[in-house]
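Letters are used for the chains, namely A, B, C and D, taken in the order the chains are written, and counting of residues starts over at 1 for each.
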Amino acid sequence: MAAMQTRVIKQKGKHPYTFGPGHKVLARVRPGEVVTIVTKDCFENRLNSPEDLCTQKCVFPFLNPQTGPLFVEGAKPGDTLVVKIHEIQPDRDFAVTSLIPGFGALTHGAILNPAIPEDTKIMPIRNGEVVFSERIRLPYKPFVGTIGVAPEIESINTLTPGYWGGNMDCVETCPGHEVHFPVFVDGAHFFVGDAHATQGDGEISGCAAEMPARVTVSFEVIKGKKITWPRIVSDECLMVAGSARPLEDAARIAWRELIRWMVDDYGFTEKDAYYLLGQVGQMRVGNMVDPAYTMVAKIQKKYLKP
Amino acid sequence: MAAMQTRVIKQKGKHPYTFGPGHKVLARVRPGEVVTIVTKDCFENRLNSPEDLCTQKCVFPFLNPQTGPLFVEGAKPGDTLVVKIHEIQPDRDFAVTSLIPGFGALTHGAILNPAIPEDTKIMPIRNGEVVFSERIRLPYKPFVGTIGVAPEIESINTLTPGYWGGNMDCVETCPGHEVHFPVFVDGAHFFVGDAHATQGDGEISGCAAEMPARVTVSFEVIKGKKITWPRIVSDECLMVAGSARPLEDAARIAWRELIRWMVDDYGFTEKDAYYLLGQVGQMRVGNMVDPAYTMVAKIQKKYLKP
Amino acid sequence: MAAMQTRVIKQKGKHPYTFGPGHKVLARVRPGEVVTIVTKDCFENRLNSPEDLCTQKCVFPFLNPQTGPLFVEGAKPGDTLVVKIHEIQPDRDFAVTSLIPGFGALTHGAILNPAIPEDTKIMPIRNGEVVFSERIRLPYKPFVGTIGVAPEIESINTLTPGYWGGNMDCVETCPGHEVHFPVFVDGAHFFVGDAHATQGDGEISGCAAEMPARVTVSFEVIKGKKITWPRIVSDECLMVAGSARPLEDAARIAWRELIRWMVDDYGFTEKDAYYLLGQVGQMRVGNMVDPAYTMVAKIQKKYLKP
Amino acid sequence: MAAMQTRVIKQKGKHPYTFGPGHKVLARVRPGEVVTIVTKDCFENRLNSPEDLCTQKCVFPFLNPQTGPLFVEGAKPGDTLVVKIHEIQPDRDFAVTSLIPGFGALTHGAILNPAIPEDTKIMPIRNGEVVFSERIRLPYKPFVGTIGVAPEIESINTLTPGYWGGNMDCVETCPGHEVHFPVFVDGAHFFVGDAHATQGDGEISGCAAEMPARVTVSFEVIKGKKITWPRIVSDECLMVAGSARPLEDAARIAWRELIRWMVDDYGFTEKDAYYLLGQVGQMRVGNMVDPAYTMVAKIQKKYLKP
């Protein structure tokens, strides 16, 4: 894949900071065409040393810049957009992570306690590893933290995930997987950004191993197929990513949609799907730090024999 | 292990329905002694056909009977009790699961909607598999849904998990793993029950593949080591099981205690532990149906090199 | 007031369904000028008999139409917009309420239970009362359920409340009270709609006594005063309206901002403000049915003597 | 009332720290008999100056001592116990409140932030007022923060509220109001303590104006009437107190039970009760700091005309 000749798409001018229908189209792509999208990291590549602090270098809400929107030919409201993620290459030789006051799973934005000190950590990416410290090396397992389409009438900041995708921070939006989105506007208006070299479940310290990247994808359109929340397909699993607060409501959204999928496409009764997921369903926390939390509900395809 | 001669401990008289200090000791065990504890399923073995409905055969709060308490010699308040789970054998040739009105992740107990119909499903256990249907077979992956010790002054119903363990419904309390509990009373007063032949993350339909079982365990006591929430150790991971509502608060408890563990026993700073868990920490939902939800926070031991 | 001659502002063309900066300005108003804004009800006045059902007459997300945006002369980003609500007159002789499947405090949108049947209820407004039934009359206590300004870059659907105001469904945004909003864009871009003839705390059945209305307001601008969440001032109280899920996070936002207000404008220490609110603070639930819940934190002005 | 001669009931020996069936009966009372119960404050009267800190003077879980249990003659499982609160007199000339690390609405117990400093504040009770400071006087509005009965098999710490009552910290359990509890054990086993001279909604700083008190009550038993959660009756309102987390689940419990009450005793249909509460129902936050939060749902009696 790495040697593949693909069209490279870079942002022109300012990156979008919202998922919405109002942005000028950056590029038009045909179903089946493989393109490489150049993305910035969530800090717009502004944190390059431990001295660079997020609250000094970035200004809310101008965080988490996306590249897009891409207009996918033939995608119409009521269709499903399939995004195949082929490859994610770092576009810099290090990843960065940080502690931001009032942000993260082990703090809270509306308390009276003194803040945890702000901090920035640089982690070289080297030999297929992310160098956490002299002794701790993490495997390079890239994915895109933010990916999605334009809602019909809303424009949502890029820090928030929801029915349109967005900042799900879910490790399953990675090379080899397909991500399906409902299409709300003509051309779908696809956005992507916020690549991560690796991330733990929940992204609990608030940020992953953030990096600019080259994200190689292609698109398909399933005409007339209407879905409600982002779906992910791997070789082994069907998944749905629900986003809400509290975390159990994100999970309920994901499970409810997965049952709908099993009923509509695989012939299960609701009862049997529910029973089966109770015994073999899997869950994976995307993020539990963003304005909405993301929970992925999964089932292995081998069980889809009603 | 299966052929091992171990002392078999059966309940005498009524099973306890609470984790508390007030129950008469069932047996005394020495650290290192391997014992096999005979447990009933969460329905007290009363559901044996699809016609047996939970609300007709069982009476709240007399659900989820435990076997115990076992008095562990030498365990004193302020110590840590280590429970090594060696083996879980089904004590019946089928598992049972059910849909109970108002209970489960995709319903709610305080709504005005009509209930989902009550239902009972029998699943034979055969050849290392749980027979979900003619075509769907699930691997036999047993664990105990409920396991823990007596709180200091409280007696909590066996449907609820918390700092004492209890009904965590967490797949990690399985053969090969060690479970650590804080000791609150002399002898720890250990209880176990609610074995599951298999279960999905979150136990979302409300019940797992419930079975009576023979649970083979041994105990150790770590003198003077004070922990706050149940910990689990596998060959590969350290884990903490936090229980609360909403699910993110269960997670916060688990992560906070895991950081404490990494700081106290492995020399991490809080900041480095937090950063590291943000990149490689894992989460697993125990249950999201019981009176408190359970979330397991994990880290692989290979990363414990501060 | 009723006899006052004021400029009447009606929507031209389609009503906005989002709070956002992209709408064409409907009217320009000067600080101090009293204007009467004509609003439609949340169903766009389409439910006029028990036979008119929401899911048949309305199409999501085209619900809860607003009137606006009004450009307030002199309001700049970083200022505070003060909206004085003088009067709310019904623009029809009945209010309407409804039960919508999957919406309301005693149901849930992601469950497997059968839905509560959809229903529409007409309630005449007569002699200062809302006629619930032959025997039950409710006092006419009008307020606007949705009121706010444009966010800086986002456009949020009108069913959701947040830092910009929006669908707070809070009974305190009523005649006689002042509502303060942060200004994010030039002219503030003020929107209002969704008038209610009366409503219970939390709007638990999903809808209030919905009515089209004539809403008489005037504006002031506090130059250079930056606030973070909507504030409300009555003769007796200071209030903040926080919106989030779960409800306690909405409350935390409101309390945190109220303490900031007490510290900045009244000279309290954070500790004394916290202590005092613990003894005399009041809470009022706005809504607990919308995509974000709203909680109002209050303190009576008579206690503001640090 | 103050001059009334009543039997005075004081604890003998240690106060109970749990609501449970295992405590030795302190006194037997007949329905209709007026008794005065002597209670300690939640700190067992150990904080008497700003230098007395909770974490130094008290040891968890030995907090919030109750007086009881009182055996109410004739109360049997399945009955309802009615507690009429006649009067609450301070048993000391000051109230005390405190900030306890990790406890309170604007902090969290499982975060990494430094704690808010522990603090104790003494507030004289004088001339019908609680003296917050030289200039700020709060009205003396006493109620009991903790009141309830023994569960059937559980023993729950006195910091937690639930279906048995307990630490609801709800200002409606005050003189002039009746509180109804389900009876689970023979004699009901009534406990009371944790009197407050005043308190804000939610008790957000963690503690109210805590005081030892003399609580004058009498009891009635409604034979064969089975309720599920504590109910409160004032001259003007019917109320239900639900306790859970998150706060909206506490609210759902309360509203669901209030609808049941309106249907069973006042002839409403579920639909009409739901509609009516949507328009005139009221909510009051009891606590949002304890292990379960408490929300009170209310309706004014004047509307109970189906």
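Simple rule for what comes next: a residue touches a chain if its C-beta (ideal position, glycine included) is under 8 Å from a C-beta of that chain, and two chains touch if they have at least 3 such contacts.
All values derive from a computational prediction rather than experimental measurement.
Comparing B-D against B-C, which pair counts more contacting C-beta pairs?
When the contacts at B-C and B-D are counted, B-D has more.
Based on the averaged CA atom positions, which chain is farthest from chain B?
Most remote chain from chain B, centroid-wise, comes out as C.
Quick one: report the Å distance separating chain B from chain D, using the average Cα coordinate of each chain.
Taking the average C-alpha coordinate of chain B and of chain D, the gap between them is 33 Å.
Between chain B and chain C, what distance separates the C-alpha centroids? Give it in angstrom.
So the centre of chain B lies 47 Å away from the centre of chain C.
Which residue numbers or ranges of chain C touch two or more of the other chains?
106, 108, 110-112, 245-246, 252, 255-256, 259, 274
Answer with line, ring, star, complete or other to describe the graph linking chains that touch.
complete
Name, in rising order, each residue of chain C that touches chain B in their complex.
The contact residues of chain C facing chain B are 106-108, 110-116, 246.
For the complex, which residues does chain A have touching chain C?
17-18, 20, 22, 61, 108, 110-112, 152-157, 242, 244-246, 249, 252-253, 255-256, 259, 270, 274
In the complex of these two chains, what residues of chain A are touching chain B?
Against chain B, the touching part of chain A is residues 97, 99, 104-106, 119, 121, 130, 132-133, 135-136, 138, 198-209, 245-248, 251-252, 255-256, 259, 271-272, 274-285, 288, 293, 303, 305-306.
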